[in-house]
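The following pair of complexes shares a single chain, chain A, combined with chain B in the former and chain C in the latter.
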Partner chain A sequence: MTTAFGANAPEAVNNRENWGGIRMSDQKEQKADRTVDLLSEVCPYTFVKSKLELEQMETGQILQIHLGNSESASNVPRSVDLEGHEVLSVDQTEPSHWVVTVRRA
Partner chain B sequence: MALNDQQIYRYSRHILLKGVGGTGQEKLLNSRVLIVGAGGLGSPVSLYLAAAGVGTIGIVDADEVDLSNLQRQIAHGTSDIGRSKVDSAAEQIAELNPDATVEKHPYRLSAENARDLVAQYDFIVEGTDNFPTKFLVNDACVFASKPASIGGILRFEGSTMTILPGEACYRCVFRQPPPKDAVPTCAQAGVLGAVAGMLGTVQATEALKYLTGVGTLLSNRVLSFDALSMEWRTVRVKRDHKCPVCGDNPTITELVEYEQPACAIRPGEGISQTRDEHQLSGVR
Partner chain C sequence: MIVAGGISLGLLLGYALQRGGYCMNTAFRSFYLEKDRSLVRAWAVVLLINVIGVALLTELGVLLPEVAPFFWPAAIVGGFVFGIGMVLAGGCASGTYYRCGRGMLGSIAALVGFVIGTALIDGGALVEIQQQLRGTTIDVSGREATLFNLLGLESTAARWLLIAGISIPAIVWLSRAPKQRFLIGWGWRKTGAAVGVLALATWVISAMQGRDFGLSFTQPTVALTRFLVTGDSAGISVASFIVIGVPIGAFLAAKAAGEAILRMPDPGRFVRQFGGGATMGLGASIAGGCNIGHSITGVSTLGITAITSTAFIMLGCWVMTGIVYRSERRKMEAEIAAMRSAVPQGETS
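Here is the complex of A and B:
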């Protein structure tokens, strides 16, 4: 299911109770400066489009990435990390919905 | 964001690259590269730059496609024989990538037009088959403070260097064209077609590195390879303060055109990459 997210994601996507991602930090919930809906995208375009978003942001800003498949949920955080950004959390909020929160380097 | 969805997909493998990204891709789309010679080297250079999304590609070549070109000049096809090379290359580029606009210059680069022409571009790739043009491109780029890749191939070998303003120029390494009798004719020399691809892709890579700002350019170095042994080597060179064109007291202050080797101006020969010795390999 593709959802159009505004500047702030719905509370539900920040729910960590169903977390099944590969890593999760103890960082407090961060308000996203930007949110990108990539639920219908697959690799490598999930990372390509995440990177394009990050390029338009300022250092220290928070990007929330919504992903719709497990391959992307494992690849995007790794690729974002290799680019030097900080992956704050990876949360699985629904069976086919992951939320990756990144602080731009 | 200047990139549209089609462009994000088309250039996704560039965008993925660390140091390139969408920012680098936009730089390429806004770049202007001049390719001197649409032959063995100019073919892969123009095709890779077009595929990479270099927005404007100028091509200088006065020649028409000859059957003997097709063994290596992959921007042209059998049905292009007799057509202008700039037309033929422009057509293939348009098919490859509509983002790339070709500016056709269907004439010889000369002392009269070289400086104005190079001044219109961000980077110049020289891939002709003759020394006079290599010196002309070098001098024009020095005068106009433009970066360039100069390359040459012959038989199984290729050599290239990248010149940047303030760094070693072609004339710092090679003072003037070699004596004519030292240069094999087109009929004598020959070249393995794929060697043109090997060197042309090195030159295209240098252009893309310069335009995106990634990596270290092949400046103050001459790269040469021998495809027979597949040995590659890099020789360090440095700017010569006594260089007649870029030195402290230059003696060459205007563009000069050296006489073409005899076979270059013989009609019906099919001007081709095979003709001349590439002086860049003279440093070995």
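Here is the complex of A and C:
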């Protein structure tokens, strides 16, 4: 599935200072199997919905999560990472819009 | 001094909360459903600074902390109700204030609800509930309801021994923290240190004006509302100006990071956040404090009411998060079932 902020958005790189060691856009070619728009969601819905989406998917499938605030864009990847899933990238595509790409474990 | 000190502290606090994404709803929730403890660690740093700092300043005679009587039914009911409201509001009391500054309209709805909820209980139409629930107290040998007095720790050495007994395991736990990955803004150490120092500074600046309490959001919100509506300035203190400063500081931090954007949630969520804010307001005014007044300032004095209320805020948060999780899962399963039944026979794999 492709979105307006999909895999090839050129501006979607490295425009924040600290990414905790994660290189943005290393895995840009990954196509998402599912996309979930959580731009207007706040916690705990951002985490709950991301977790539920991942539960519905099969191992190896890619989920793209669109988030609208920095807390969620920081907490959601950390939580799904600790759940054992692989966070492929966290990109800020525009102010207040982050795209988190996760491969289901 | 009250105005300038309060606004300055508020600006700095709002800046720190936004940069650190310091949401105690997330901290409390993370014990349940999640494995990330970053915000719990930030909270632990805040408490370490304040438990030690308040004890030291009390010992030096700078502070004489005011401790809530142990009105346990109010602490339990109010805390639980606050915890439930916090999940629906999409943020704790301080979280709601700073997110307003960032332009999240759902948080503004939650703040309006919080103002109404606190006003209804604190001297409002529902004041009877507060009076009833605060009517029953447990006496701690006629002294302040703190862990120190509950355990009968009379000497300075014994009190410091208790503080060491709490702080050392916390420091050990913090020192074993894994590296915080996927960080945006400040990490837990910096966030906890900033919020902790500002909370301690609030104790000192308040004491200079004869107010023996630290950072809080509930009473100052009530006092501000009363002043704006009736002109009665009796409850106004440095803390009321802090709550004015917080959204402004958060706006400045968000603006600098390009995150200050007006964002409207869907109508259902908007209404839910308003209801959550009102519920949070009712709970906070019953319990006599929120995630800041109780869970930071009250816990710093090792007050039993604050500790009890914090435990029930967490419980309320877990119960409501569990309900949200189940209802979202049912919704998703229903959607999938509907999609499957829409696919013609033979095409499903």
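Some observations on this one:
Here is the rule we use: the second predicted complex is superposed on the first by the 80 of 105 C-alpha atoms of A that agree within 3 Å, B and C clash if a C-alpha of one lies under 4 Å from a C-alpha of the other, contacts with A are read in each partner's own complex, and residues count from 1 in each chain.
What we mean here is this: contacts are C-beta pairs under 8 Å (C-beta built on N, C-alpha and C of every residue); 3 or more make two chains touch, one makes a residue touch a chain.
Just so it is clear, the structure is predicted and the values come from calculations on it, not from any experiment.
In the superposition on chain A, contact is made by A:Ser96 with chain C only, not with chain B. Among chain B and chain C, the chain that touches a larger number of residues in chain A is C. Residue contacts after overlaying the shared chain place A:Gly60 against neither chain B nor chain C. In the superposition on the C-alpha atoms of chain A, the part of chain A touched by chain B in one complex and by chain C in the other spans residues 44-45, 47-49, 51-52, 56, 79, 82-83.
Residue ranges of chain A in contact with chain B, taken from their complex: 44-45, 47-49, 51-52, 55-56, 79, 82-83. Touching chain C in their complex are the following residues of chain A: 16, 18-22, 39-45, 47-49, 51-53, 56, 68-71, 73-75, 77-79, 81-83, 87, 90, 95-96.
Listing the residues of chain B that touch chain A in their complex gives 1, 3, 8-9, 12, 15-16, 18, 21-23.
Of all the residues in chain C, the ones that touch chain A in their complex are 21, 23, 25-26, 29-30, 33-36, 38-39, 87, 90-91, 99, 102, 104, 106-107, 179-185, 257-259, 261, 263-266, 269, 273, 321, 324-325, 328-329, 332, 336.
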